[in-house]
Each structure stands twice: as structure tokens, then as C-alpha cells.
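Before anything else, here is the set of structures, which you'll find just below.
Note that subunit A is present in both complexes that follow, paired respectively with subunit B and with subunit C.
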Partner chain A sequence: MSYPSLLLQLAQNALVLLIAPLLLGWTSQCRAWMQNRSGAGVLQPYRNLNKLFHKDAVLAVNASALFRATPYILLACMWLAAALVPVLATGLPLSPAVDVIALVGIFALARVFISLAAMDIGTAFGSLGARREMLVGFLAEPALLMVLFTASTISGSTSLITIVETLAHKPFVLYPSMVFAAVAFIMVMLAENARIPVDNPATHLELTMIHEAMVLEYSARHLALVEWAGALKLLAYTTICIALFVPWGIAETGNWGALPLAVAALALKLAGAGAGLALLETLSAKMRIFRVPEFMGTAFLLAVLGLLTHFLLETAA
Partner chain B sequence: MKLDDFPKIFSRLPGAMPAWHGAVNAEELRSLCEQVMRGGGKLLALWGGDENGEYALHVVLVAAPGLLALTLPVSGKHTTFPDISDLFPAADRMQRTVSDMLGLHPTGGDHRKWLRHAAWPGGEHPLRKSFDIAATFAAGEDGYPFIAVTGNGVHEIPVGPVHAGTIEPGHFRFSIVGERVLRLEERLGYKHKGIEKRFEGMTLEQGARLAGRISGDTTVGYAWAYAQAAESVTGTVPPPRALWLRALFLELERLLNHLGDLGYLGNDVALAFGFAQFWILKEDLLRMNGELFGHRYLMDRIVPGGVAVDVDSAGLARIGETLRHIEQNVAALKDIYDEHAGAQDRFLTTGRVLPELAAQLGLTGLAGRASGQAWDAREQFPCTPYDQLDVQMATHRNGDVAARVTVRFEEIAESIRLVRLILERLPSGEIRCALGDAAESRLGMGWVEGWRGEILVALHAGENNRIRRLHPHDPSWQNWPVLEHAIIGNIVPDFPLINKSFNLSYSGVDL
Partner chain C sequence: MNIPFSGQIINMCAALLLLIAFAMLSQRRILSLINLFALQGLILAVSTSVVAYSSHQVHLYYSAALTLLLKAVALPLILHRLIRKLNVKWDVETLFNIPTTMLAGLALVVFAFNLAAPISQMAGTITKSTLGIAMASVLLSFLMMITRSKAVPQVVGFLAMENGLFFAATSATYGMPMVVELGIALDVLVGMLILGIFFFQIRTAFDSLDLEHMEKLKED
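Our next item is the complex of A and B:
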């Protein structure tokens, strides 16, 4: 491990923390433009966080330590996940830890805590949201794992770094299996990040909420951390998507000259992803909650198809 | 069913709408209600009054000839009146309100309180003349006895009156299994402002302003109904141009609300695109109203004796132009809503009220027409200028959210057609005349098909052109209880959509 790479790791960690709200703001802004609205600007999530950090927190009288600790755990999980994903360069000090199954585990850990915290207060909405979150979660996780397995079988490793290096730096090969996996991943990403058509991040209708229902009782700094964690989760998923499906442009181990290009490529890819997400959300309506299992089932099916395609078509060659 | 079929107790009330009034005793009240119910008529409103210790119950029914207002004196030690909620289920909450506000009690039915929460004790009745309007009471416990559903896995979700969004307050108690709703019970009354008490003693002119503020989204409907009532008690006939302008305002209000609702319905299925587009159109209309008539929602534009504001030919051209723009855009948006699989999946079969149930419970207005209840006062009991416009009411039989969306689209098209006719044929002349003197203790009624349904304003005149008692009736009285049925068997996350498809008034019933 060298100091420059340690420095780069720290820089990448700080970068993901700081740009996560920007991605959220950009997505919202794109949505506004697509709907003929002027929008609040890409910096709105920062303003929200700033506002929330300056408010006094209100806690329910029966809130336990778990309820208070959860926002911090949530932020830590999501920051770790977002920081682990190779966004700028491979071969960083944390790279050996970047296992895709571990990543799914980190997301699951966060889900367990937010669901427990939601039920901690004992309000109807908290448990309602937790129940729905678990419904979505237990269906999304297998689909996500199948997508990651497809990528793993191509590169022969569950290390995200190896996967990215395999896909990015080998001669260009189009894997049909990865097309199936990409569609499945986008479906999982919509569900896991509480986006339309599975959940509506902008709704004020408490009865329809999934993610928002779980965090209704949070205020001020706690809510700020939860929202920041949400932004980090969206960034983590977006960067995993980029790493798996469009990894080109990432800097190789020790290749410092490629960094500026890597930063530019990342910015471009994130902007494209945000606009694409906004387009998807503008075009679709939220589905009934009992359609979600079908939706996630389709994602799982596509991921399995991807895996089968790989074994049937790609390994023979 | 002609007027001759009824007992000869009715006398015609003067005014724009066909209305008759007669005094009845307890037996006659029930037999008349039964006769009207069997003849396919319905209950419109029920309220009570206090004339210095002499109480009376007033019931307004809609039958083929028009409105039949029945007055039942309630006196003696036992201030009771016959329960009619078995004939008209919609009467239930109105009767409970009479109990709370006047201390007159129905002989049967539900005896729980309705409008009274904890702001005044059960023994006090604010609408009695002896009640001191300045009296204050220590806030007590509400302690409302909700009906509990028991069984394996049943639990309750209490929602409101404070919601996550900025909406009107109401409490909804869901009994659910998983996501499926077994029962919904509403608790309203959080917006009780004492409007009926406030009306007492106001002059007819002062009352007009308050009437326009009973339910803000229906300000034109209430103002017109009030004006009709005030004109009825004073025997005033407003100039023709005023009547045509009133219809113009009413149709503009219908357009405003339907556009807003269609946007909200899109928003509730997270189709934010539709929300933004419809609200841009609504805003266009609001700005036009603001520029031409001086108020975006046309508040106080209708006054007793006429209208407060005239429009010139340039203004008429401006309205025509705005309507053309709205018509084109709504047509495009209707195609998008109709073709959007995701939105249609949410709309279709959601919150169904079948025509049989709608008829039984007295579902009225727009929601009623979406469930096969073909009532529209503009078509069936047209006053000037509707008698010259040949209104075509929009009806549907499916009774689901999709039907209520369709009826809104069709009513937008019809309102645009009506406004165009009004612009073409608007007579010239005065827009306002002086209000005559009110005959003391005369009853006057105004009846207007607002965008949500029929609005009734019943005005009992007092001395010196003042109001002795005024009862404004919102169609939401009839439709709130039906909403409790519409949700049964649906899933919890569909409730906001179903609720929005009815879009009922809280303020209008909390009074």
C-alpha cells in the first residue's frame, strides 16, 4: 500500500459523501425539466440537509437508543458501500474488501436497522413501512445476488474490483448475459432506492409510503442523516451499475495519468444515470404494492436468464 | 310522481328553483319521506332550528317536481324527532349533528356524537338561542367510541387529523388484515368553526361574504345558492345578464376543480407529469380569472341581486382563447391518461361503488354520476340560463376511480361547451339590482349544482333584513359515508387515490 493510493482512497471516500446529494438533486432537477417545471435546482438536497442540521431534534418519549443510533448506522453503512465501489480507480487500499456479497450484506444490515427503528416507536406507519420494506427487500436481494453472480461467473471472482478489471480492461466483448443482468439490476435499483414505480420519494400520502413511512418519526439531524444515507445508497447503486455495465474509463492500478479522464467519465456517467432515472420515473406511475412481487419476480427471472445465457452461450466460446 | 300525489300541505316558495314548503307532524314526516324514497327521490338536507325555545326540524327532499321542504315542530319535554336514517342512510350524520348542535334527538339510529369533539361539553348546544356565543369551556376528552373490528390478525391504523402533507384535517380509522381494509370509520368535525351560529343576525349582504367562505373550493356554488336564497326571501329577480354571468362563473369553477383533481389523481399514482400539466392549465385559468374578474377563485363575484363584476367583449375573447388552449391540452392529456397502463391499472376497479349501493346510500353529485346516479340539477331542474343551454350530464356505471376520472373529463368538455354558449348568447343590460326587503320568518332556498354536487342554502329570514338561521348543505354530507364503503376490500395504499377521486369537503360539513 502506498501513500498516494491511500490518499486516493480517502479522496474517493470524501468525494462520494459530498457528491451523493448532488446526484439526488440532479435527478430531481431532470425530473422537473421533463415535467415542464422549473425545479428547485441541483443544490436543493444540500439546502435541505443544511436546514435539517440546524433544527432541534424531536424524539418520541418511548424512543430507545436503537432509534437514535440508527441514522448513524445507516449513514455508516451507506457511506461504506458507496466508498467501496470502485468509481475512480481500482487497486486502492480498501479494494480487497470489495466483495459483492459483502456489499449486499451491508445493504441488508442497513435495512434491518431502519426497519427495527421504524417499529421502535410503535406507530402504525412505522410498522406499516417496515413490513412493506421487508416485502420489497426479501424479493430484491435474491435478484440482486443473481445479477452479481452473472458478473462474477464472467470474471471468475466475487470481488467487484476483479469484475471491473475484467470487464473494463479486457478487449471489448459484448456479453448478452450482462444485458439481462443490467435490466434486472435497474429494476432492483428502483425498488431498493424507493423510486417510482415501486415507491414514490416525493409523496406526502402516508398510507402509500414504503421508505418514507419508516422515517416519518425522524426529525432534524437524524432525518438529515437518514436522507444523506438515502442519497449515498442511490449513489452506491448507480456506481455499482456503472462499474458492472459501463466500467470503461476507470483508472487502472497505479495509472495516475488516467485519473482526470476517470473523473470526467464518472461525472458524465452519473449525469447520464440521473437523467435516465428521471426519465424512467416520469414515464411510469407507481404500481399497486401487490404488483411489486411480480416486478421483483421479473427482475429475478431476468437475472437468472442472464446467468443461464452466460453458461449456455458465453462459456462455450 | 307529480305534486298532486303529495298531501295538499305545500306552498310554492318564490325564487329561481322549484321549491315547496309545508309543515308536517311526526307521522307525516316519515310517510312523506317513505313516499319520496319509494318514488325514486332522495334526501337533500336535514337541519334544526331554534326560535326562542320553539324548536323545529327541517328536512328537504328532492322529488320529481323539485324540492320539498318539510318543517316539523319539535316541542315538549322530550325534544325528539322521528329517525329517518333507515329510509335515507345519509340522514344519520345530519341527525347526529342536530343532536350535538341543538339537543334534539332522533328516536332511533346512531346516537353517538358527530360534530362535537371536546371544545364544549355534551349538555351545551351551540345553535340554541340561549347559548352564549362568548362562552368558553375547558377542553375535555373527546372519547369517541369507534367501532372495533375483532378477529385473528386484525389491527387498526389511525390516520390523521394531522397528516404528512398540508391537507384538511380528518381522522380515518382503518381496521385491516395485512394490507386489506375490513372497515373504515371516519371522524370529522376538526374544522368546526361555528359558521351557522355566525350567520345568525348578519344582514343579507354580510351573509353573502360568509357563504362564499363555507368551502373555499366551491365559493361560486355557495355564493350562488346563497344569492338564490336571499333573492327568494326578498322576492328579488336579478337581471338576465347577471344570471348568465353566474353560470359562467359556476362553469369556470367546475373547470378549475376538475383540472386540479385530474392533476392530483395523476400525482397520487406518482404520475407527476400529469400533475404538472393539469396544474399548469389550472393556473392559466386562475390567472385569467384574476385578470378579468379580480379574484382568482371568483370569491365574492356573485352577490345577492346579481354579480359584482362585468366583462367586456375583449374579456369574452380572452375566455374563448384560454378555453381553446385548455381544450387542446386536456384532449392530449386524456389520451395519455387513457393509454398509460400503469395509471389505468391503478384507476380501474379501485374503490368501486356499484350503482345499487350508490342508490341505497344516496351517493350524489359527480361521484354519484360515476356510479349510475343520474342526478344533475342543471339538467333536471334548470334555472336561467341552464334552461336554454340543454346541459348533457355525464354518467358512468362502473363506479370506480376510473369512472370518476372519466366523468371529470366529460364534464370538462361539457363545461367548455356551456361556457362557449354563454359567451355567444350573453344578454346585455344591468348586472345587479337592489335587494328588496325580506319578509320576516320567510324561508328561502337556493339550490345549485356545484362541481362536487348539489349545494343547498336554506335561509330563514329574521327582522330588519337579517338572517335568523341559515343552513348551508354540502354534497359531502351524502358522500363521506359512501367513501367508507368504497374502500372495503381495497388495500390500504389505494385509499388516498380513492379519497382523492371523491375529493370531498371537510370544511363544508364541519361547518
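Our next item is the complex of A and C:
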């Protein structure tokens, strides 16, 4: 492990923490433009965080230590996940730890804690949100794993680094199975990040909430941490999506000259992903909660089909 | 893996055809169903012309042109006209239990892939690995015909099945002789016209396009 790569790892960790609210702001801004509103600007999430950090926290009288600790655990999980995904370069000190199954595990850990914290206070909406989150989560997780397995069978490893290197630095090959995997992954991403067909991030109606219902009781710095963690989760999913489906432009191990190009490519891809997400959200309407299992079932089915097509089309030759 | 680039494009088209077959299976709106059918015809034409280009089979270009003309333009236009005249353009069919249907579809895909594996091992064409997908699309369209009760989606299912058969013929043997293909194309066109007349007859007799009415033998 050399010092430059250690530095690069630290820089990447700081970068994901800082640009996560920007991606959220950019997505909301694109959505506003598409809906003919002027929008609040791409920096609005930073202003929100700043405001929340300067407020005094209010806690329910029966809140336990778990309720207070959860925002920190949540932020730690999401930061770890977002920092592990190779965004700028491969071959960093944390690279050996980047296993796709471990990533899914980190997301599951965060989900368990936020659901427990939501039920901790004992209000009706918290428990309702927690149950719905668990319903969506347990349907989304197998689909996500199947998508990742499809990518793993192509590259022969569950390490995200190996997958990226196989896809980005080998001669270009069209993988039909990745088409299925991409569609399934986008569906999972919408569900996991509480975006529109499944959940509305901007809703004020408690009965339709999923994610928002769980964090209703949080205020001030706790809420800021939860929101920051949400932004990091969106960034983590977007970067996984980029790593799996459009990995070109990432810097190779020890190739420092490619870094500026990698930064530019990342900015371009994130901007595209944010705009695409806003477009998807503008085009679709929120579905009933009982339609969600159908939606997630379709995602799982597509992921399995991707795996099957891989064995049919890509291993025969 | 060393498949030539044209082979990769054909594989990609095959994967898209499978994707569309599943989209049709779960589509509730008749209008979107017909648009999906048109898209299927378009992809079929693209893949056929790529096969023609890579295998230097001139007659396949004619089939591709015929497919484009008939299945991506003519038949969808006729269907659009029909649903406008029958006033079922915005009909939404109540499909029960889509996840179960999709799981059944998945089982069919596994079955078709296994069935096609020994055949494609013996075939020497560039498209040999897509035979499984072609059979899967045939079976999926068949499943769609079984699960639908309205007349128009059933006919779309029938036409989609013909698309699957055509794709199977291209992937197994570089297409059928030109005479056979022309005959089938004409059959489909005439069949479509006759079925269109049937729709009107069914509607005047039963006041509905729901084919479940036809299962009763006695009038009550």
C-alpha cells in the first residue's frame, strides 16, 4: 500500500460525502425544470443540512439510546457503502473489501436500524413506515442480488473491482444479459431510494409515506444525518449502476494521468444519471402500495432472465 | 468468448425480443400491447437483416423487408384502425395475478432453453444460440393467448407467436424458402382481415369482445 493510493482513497471518501447532496439537488432541480417549475437550485440540500445542524434537537420522552444512535449508524453505513464503490480509480487500499454481497449486507444493516428506530418511539406512523420499508426491502434484495450475480458470472468474481476491470478494460463486447440486469437494477434503485413509482420523497401525506414515515420523529442534527445518509444511498446506488453498466473512463490501477479524465467522466455520468432519474420520476405516477410486490416481482424476474440469457447466449461459444 | 460483432447484435436483438414478450404478457392496455407488437416486428426486421448481412443470404433481405412492411407497419395499422372502430382503444383488461403468470413464463423460458440446447449444438449457423429465445417467445405468446379473455389481445398473441416462429426459422436454418415465407406472410395478412370481420360479428352477437361468453352453449 503506497501513500499516493492511500491519499486517493481518502480523497475519494471525502468526495462522495461532499457531492452526495449535490446529486440530490441536481435531481430535484431537473425534476423542477421538467415540470415547468423554477426549482430551488442545486445547492438546496446543503442549505437544508446547514439549517438542520443549527437547530436544537427534540427527542420524544420515551426515546431509547437506539433512537439517538441510529442516525450515526445510518450515515456510517451509507458513507462506507458509497466510499467502497470504485468511482474514480480501481486498485485503492479499500479495494479488497469491495464485495457486492458485502455491499448488500451494509444496506441491509442500515435498513434494520432505521426500521427499529422508527418503531422505537411507538407512534403509529413509525411502525407503519417500518413495516412498509421491510416489505419493499425484502422484495428488492433478491432482485438486487440477482443483478449482481449476473455481473459476477460475466467477470467470474463477486468483487466489484474485478467486475469493473473486466467490463471497462477488456475489448468491447455487447452483453445481452446486462440489458435485463440494467432494467432490473433501475427498478430496484427506484424502490430502495424511495423514488416515485414506489414512494414519493416530497410527500406530506402520512398515509402514503414509506421512508418519510420512518423519520417523522427525527429533528435537527439527527434529521440532517438521516437526510445526508439518504443522499449518500442515492449516490451509492448511482455509482454502482455506473460501475456495472457504463464503467468506461475509470482510472486503472496506478495510472495517475487518467485521473482528470476519470473525474470528468464521473461528473458527466452523474449528471446524466440525475437527469434520467428526474425524467423517470416525471413520467411515472406513484403506484399503490399493493402494486409494489408486483413491481419488485417483475424486477426479480428480469434479473433471473438476465442470468439465464447469460448462460444461453454468452457461454455457448 | 469470441462471437463476431454481428453475432453480438443478433444476440442483443434476441434478448430484446424476450424482454418484449414478457412486457406483452404483463401489459394491461390494448393500445400499448399493439405498440409493443409493432416494436417486436421492428426488432425482428433488424435482426433478420443483420443475419442476412453476416451470412450473405440475399433472400433474407427480402424477408427482412417483408417483415418490416407487414409486421412493423401494416398489421399494427390495421389493429389500430380496428380498436378505434370497435371503440376499445382505451380498454384496460383486468389481468389477475400477474406475478404468477410471470413465474409461469419464467418456467417456460427455462423449459425452452433446455429444449433448444441440443438442437443449437448441432446447428452451424451464426444464430444458433438464439434458438432457445425464439422457442421461449413462441411459448410466451401461447401463454398470453391462454391468459387473455378479450378477443383483440388474443389475436395480438397469435401474431406475436408467428413472429416467434419466424425468428426460430431464421436462427435454426437461415429462414425458410422464399415461397413458404411469402405464403405465411399472406396467410397472416388474410387471417388478420378475417379476424377483424369476426370481431364485429362477435360484438353484434354478444355485445362484448369478451370470449368467455362463447364458452356457454345455451342462452339463458
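Quick note on the criterion: the second predicted complex is superposed on the first by the 317 of 317 C-alpha atoms of A that agree within 3 Å, B and C clash if a C-alpha of one lies under 4 Å from a C-alpha of the other, contacts with A are read in each partner's own complex, and residues count from 1 in each chain.
What we mean here is this: a contact is a pair of C-beta atoms (placed from the backbone, for glycine too) under 8 Å apart; a residue touches a chain by one contact, two chains touch by 3 or more.
Because the structure is a prediction, the values reported are computed rather than measured.
Enquirer: Could you look at A:134 and tell me whether it touches subunit B, subunit C, both or neither (first, second, both, neither)?
Expert: So A:134 meets neither subunit B nor subunit C here.
Enquirer: Which of the two partners, first being subunit B and second being subunit C, lies in contact with A:313: first, second, both, or neither?
Expert: Second partner only.
Enquirer: Who does A:264 touch here: subunit B (first), subunit C (second), both, or neither?
Expert: neither
Enquirer: According to the contact criterion defined above, which of subunit B and subunit C contacts more residues of subunit A?
Expert: Between subunit B and subunit C, B touches the greater number of residues in subunit A.
Enquirer: For A:69, decide between first (touching subunit B), second (touching subunit C), both and neither.
Expert: Touch partners of A:69: none, neither subunit B nor subunit C.
Enquirer: Based on the superposed arrangement, let me know which partner A:298 touches: subunit B (first), subunit C (second), both, or neither?
Expert: Only subunit C is touched by A:298; subunit B is not.
Enquirer: When the two structures are overlaid on chain A, which partner does A:18 contact: first (subunit B), second (subunit C), both, or neither?
Expert: In the superposed model, A:18 contacts neither subunit B nor subunit C.
Enquirer: Just checking: does A:60 make contact with subunit B only, subunit C only, both, or neither of them? Give me first, second, both or neither.
Expert: neither
Enquirer: Touch check for A:206: first (subunit B), second (subunit C), both, or neither?
Expert: A:206 contacts subunit B only, not subunit C.
Enquirer: Inside the complex, what are the residues of subunit B that reach subunit A?
Expert: Where subunit B meets subunit A, its residues are 155-159, 163-167, 179, 266, 268-273, 275-277, 280, 340, 342-343, 345-346, 491-496.
Enquirer: Could you please specify the touching residues of subunit A with respect to subunit C in the complex?
Expert: Listed in rising order, the residues of subunit A that touch subunit C are 173-174, 176-177, 179-180, 183, 293-294, 297-298, 301-302, 304-305, 308-309, 311-317.
Enquirer: Under the touch definition given earlier, write down the residues of subunit A that touch subunit B in their complex.
Expert: 31, 34-37, 124-125, 128, 196-197, 200, 202-209, 212, 216, 281-291
Enquirer: Report the residues of subunit C in contact with subunit A in the complex, numbered from low to high.
Expert: These residues of subunit C touch subunit A: 1-3, 5, 7-9, 11-12, 14-16, 18-19, 22, 26, 98-99, 102-103, 105-106, 109-110, 113, 120, 128-130, 132-133.
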